[in-house]
Amino acid sequence: MELGLVGLGRMGGNMRERIRRAGHTVVGYAPDSESADVHSLREMVDALAAPRVVWLMVPAGEATQSVVNELGELLSPGDVVVDGGNSRWTDDARHAEELAAKSIGFVDCGVSGGVWGLENGYALMYGGEAEHVSRVQPVFDALKPPGEAGAVHAGSVGAGHFAKMVHNGIEYAMMQAFAEGWELLEAAEEVTDVREVFRSWQEGTVIRSWLLDLAVRALDDDEHLERLRGYAADSGEGRWTVEAAVDHAVPLPAITASLFARFSSRQEDSPQMKMVAALRNQFGGHAVRSSS
Amino acid sequence: MELGLVGLGRMGGNMRERIRRAGHTVVGYAPDSESADVHSLREMVDALAAPRVVWLMVPAGEATQSVVNELGELLSPGDVVVDGGNSRWTDDARHAEELAAKSIGFVDCGVSGGVWGLENGYALMYGGEAEHVSRVQPVFDALKPPGEAGAVHAGSVGAGHFAKMVHNGIEYAMMQAFAEGWELLEAAEEVTDVREVFRSWQEGTVIRSWLLDLAVRALDDDEHLERLRGYAADSGEGRWTVEAAVDHAVPLPAITASLFARFSSRQEDSPQMKMVAALRNQFGGHAVRSSS
Amino acid sequence: MELGLVGLGRMGGNMRERIRRAGHTVVGYAPDSESADVHSLREMVDALAAPRVVWLMVPAGEATQSVVNELGELLSPGDVVVDGGNSRWTDDARHAEELAAKSIGFVDCGVSGGVWGLENGYALMYGGEAEHVSRVQPVFDALKPPGEAGAVHAGSVGAGHFAKMVHNGIEYAMMQAFAEGWELLEAAEEVTDVREVFRSWQEGTVIRSWLLDLAVRALDDDEHLERLRGYAADSGEGRWTVEAAVDHAVPLPAITASLFARFSSRQEDSPQMKMVAALRNQFGGHAVRSSS
Amino acid sequence: MELGLVGLGRMGGNMRERIRRAGHTVVGYAPDSESADVHSLREMVDALAAPRVVWLMVPAGEATQSVVNELGELLSPGDVVVDGGNSRWTDDARHAEELAAKSIGFVDCGVSGGVWGLENGYALMYGGEAEHVSRVQPVFDALKPPGEAGAVHAGSVGAGHFAKMVHNGIEYAMMQAFAEGWELLEAAEEVTDVREVFRSWQEGTVIRSWLLDLAVRALDDDEHLERLRGYAADSGEGRWTVEAAVDHAVPLPAITASLFARFSSRQEDSPQMKMVAALRNQFGGHAVRSSS
């Protein structure tokens, strides 16, 4: 089939490649991109035969909204837009509504895979009406990993990004779990070879996982991670997971602790711990460390 | 080689079977067990040629201490005792010292594998002197999974149980991570097929893991887990992990949250939330729910 | 001065009384209220001489928005609206903008005091332009407790509700702190009189506080809180505090833990702990408790 | 009455002064102290008429154990030892047993008050047999604050230190609560005067408390706490509270979060966040910050 693809960054570019390898035609567009196949959204739309499918792989928020707006003007009734970016699930219903007003379909799709996706396939979680999803199915089939798993029609519009968001929340807590365990093992004088302990866990244990494999790979490269700083960014999905939990009154202690650990990791000095130090000083005359 | 094995419960019995399949001789003993090969520790010791290796697979604490004491009387200089049970790592140094006073070696070994170990192999983490570990190596090789990973000499005495304990702490937080994500997905009206979302994650995602495979298996059996109560026991290892963290001043927010979630799950009614309700009532006249 | 007051519930009714005791004129309105002084917003507005001050004490969200909309039609340039309800601080900028378009001023005010406010005074935190705040000052002075503290101009529009929201977040964690301590003391067999321990803390300790006084009062009424269920509601402010923290990348582990404890307290059975139980069962053959 | 007092540090010295002001005789001893009244434990014991009461105010652990051992040799049947230091409650039963073997009584006493105790009185929580407690009562009455509260016979031996330990656990979480709230307010651009917000809370709010008063005092001295580092020590009691909770299967999420925040505050760089950064790098090619 033919696909319009907007956004040719690291993710988008690799996805174009994987879709083409499956025999489909991709017309890729990105502003100011040397690898673009066309020079404007209009040119991309004109290059596709109706009914069209256009996949967005652009930053969440204003950038995605802007492309949705433009496509609303350019596309025709019966076309379908897929948002494969990291949009917040609450944006999806609005986009679907705006496009539905012009009889254009909308599917949201969470994509996982990172730098490994081109070769191994991308895990896909999508939401929308069955009629729209079926139009995109050949592309989903091209992108997903081989095997039975790796792609799911998770529910109505928004379900794809919601499921991807929860995936990332789980990922945060799993990473935190290995990180906590690693720090504790490194602190124990009895344990003299933490890297080999991690390696041993790759077979026969309850915690064997791809993240464990990656941890071993990282430790093989830098046994005590001395070349890194304990500084971790966070993406929107981790924050949205906590907000979704608060909205639904679902307790998420481990995932939230993982997000907060990242927040703390980025502070040069902790304001709240200054207050704790100040209070200790007030009531107990405890020594404090002055900033200098 | 020959091995004495004390403890023939679910774990011990299967381990005997796996060691025998590898061609070794196992003399198994357990009090009041129909499957025991001998009828007393003394008989077991007499059945083995010196220098002997005796593996304990009995409950941690008093039961293990009692067998260590008895073996201290029965064994000979040059023999080696392996504690493969779930002992607290702080017990190991004491056991090693007590046996060393009689020139008997000691190795501690954390064992992971559960009901899957007989067929797939057991993950092993052991601590002790190289000389003692090498004496047990053929048994470790028989028990471990095929492949390069699955067994590690983690350090000095205590390192094996410490590493296994941390494994379990990580396991707690990983289970909690999937559990939190599952509850949040179930709460989202957009997501209509949570089980299929979980299944899809088995390929191409960052969180693919054996625990995820088990979650899918559980959901295949009972899609909304309606046949279970939200009640989770905890073993010593989870608690010891938190205590070790406190001892070493290592923050473990996700693992500790996972332990506390289990504590809460076992309370019919939460005393602390009664106090919160009482305080709300005092200052705000908020309605409280009376117990009836 | 004259004040229009919209909303005569438990809070609004008592506030009217306290303002009148200070010698001011209050024209109170609430739909379908027997204690209303007038029968419509229009009647209330007509009863006040311009420039007017109208204080809202109605539920946050749609109800407040609706009254703001109506007052925008009824009031005159130079009038000032005060939102003393529990609005989310993000609503304030919108309300201020909508009213400013008609040259009507806006002040947001967080109010703390509960059932004790009538006699002891209400703590007030307000935000807005100095010119608008000064118009309301006599009412603030009437409502606040005696003494120097108890009222603050916290910053620009939204600052009042933001400060009140954070107050409530702190309150959550303080209540949780006492609640956790109480449960632990009740669990210790050495401690035979937990209520008297709490009472003793009211003098000379670091933790003496009004909440401690309330805890003692509650325990005097029901020593082991046997007449209560461990069930605690939460208001919007606790949730918004966590969301504000996520927005600002500020780690709030204790406050968030307190919110999540309330979420858990309201679940008959915990879905996430069902998943933990299911996973334990899968890998270990651990006994699970069936729901029956 | 007469009292022997061992330990004349900041706490012990002030306590001697307060007891003397109440008209009692104190014979104070501390090794190498210029302010000691006698030069040895033996001299102290000889200076007191039997039956004696000796109060220990020395560091927990080995130092306290050593003095208990010595006093066991020096004192006579019918004497009473009071441990007013910060001993772990689990030490108390052992000390009581050792002294009981010589017919010497034992009372444990948690003391709160810090630098304010001399003037305001010390909050006291004590455990032991009524017969022994009554012997110490005049000293308790001298040390405690005026008013009805401030001292409690909490239960059997160990109950005093247990109650004080829980007091400190609650204190940790209350300090954390104010600290989190302060950081969030400082992060909000709407709130322009955080110090005045804190000051306003001292009247009429749910969170008014001595700790809040101390926070205001600290902010008056250094409005944005710029002269402090976000570095907070922790004492044994916070850790023991968490361990006691783990022993009793009581969930303490807020108190534990407060302890872990202190652990993190003391790390130059977080090992666990290095692992999180390493994992992000592995799966996503996310930029990491190298240590340099």
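So that you can tell them apart, the chains are marked A, B, C and D in the order they are listed, and the count of residues begins at 1 in each.
Here, contacts are C-beta pairs under 8 Å (C-beta built on N, C-alpha and C of every residue); 3 or more make two chains touch, one makes a residue touch a chain.
Composition by chain, UniProt nomenclature: A, B, C, D = Decarboxylating 6-phosphogluconate dehydrogenase.
Predicted, not measured: the structure shown is a model, and the values here were computed from it.
J.: Validating interface symmetry: for the copies chain C and chain D, is the fraction of residue numbers used by both over half? Same or different.
T.: Same: when the shared numbers are divided by all numbers used, the fraction is over half.
J.: Greatest Cα-centroid separation from chain A: which chain?
T.: For chain A, the chain whose C-alpha mean is farthest off is D.
J.: Rounded to the nearest whole Å, what is the centre-to-centre distance of chain B and chain C, using the mean of the C-alpha atoms as each centre?
T.: The computed centroid separation for chain B versus chain C comes out at 46 Å.
J.: Can you work out the whole-Å distance between the CA centroids of chain C and chain D?
T.: Once rounded, the distance between the two centres reads 33 Å.
J.: Averaging over Cα atoms per chain, report the distance between chain B and chain D in Å.
T.: The answer is 36 Å.
J.: Which chain A residues sit where two or more other chains touch them?
T.: Chain A, residues with two or more chain partners: 114, 176, 178, 180, 183, 206, 210-211, 250-253, 257, 260-261, 264, 272, 283.
J.: Over in the complex, which chain A residues touch chain B? Could you list them?
T.: Touching chain B from chain A are residues 89, 112-114, 117, 120-125, 127, 144-159, 162-163, 166-174, 176-178, 180-181, 183-185, 187-188, 190-193, 196-197, 199-212, 241, 244-245, 248, 250-255, 257-258, 260-261.
J.: Tell me, which parts of chain D touch chain A in their complex?
T.: Chain D residues touching chain A: 10, 114-116, 175-176, 178-180, 182-183, 186, 210-211, 214-215, 217-219, 222, 225-233, 253, 257, 261-262, 264-265, 267, 269-286, 288-291.
J.: Using the touch definition up top, name the residues of chain C that touch chain A in the complex.
T.: 206, 234, 239, 242-243, 246-247, 249-253, 256-257, 259-261, 263-264, 266, 272, 283
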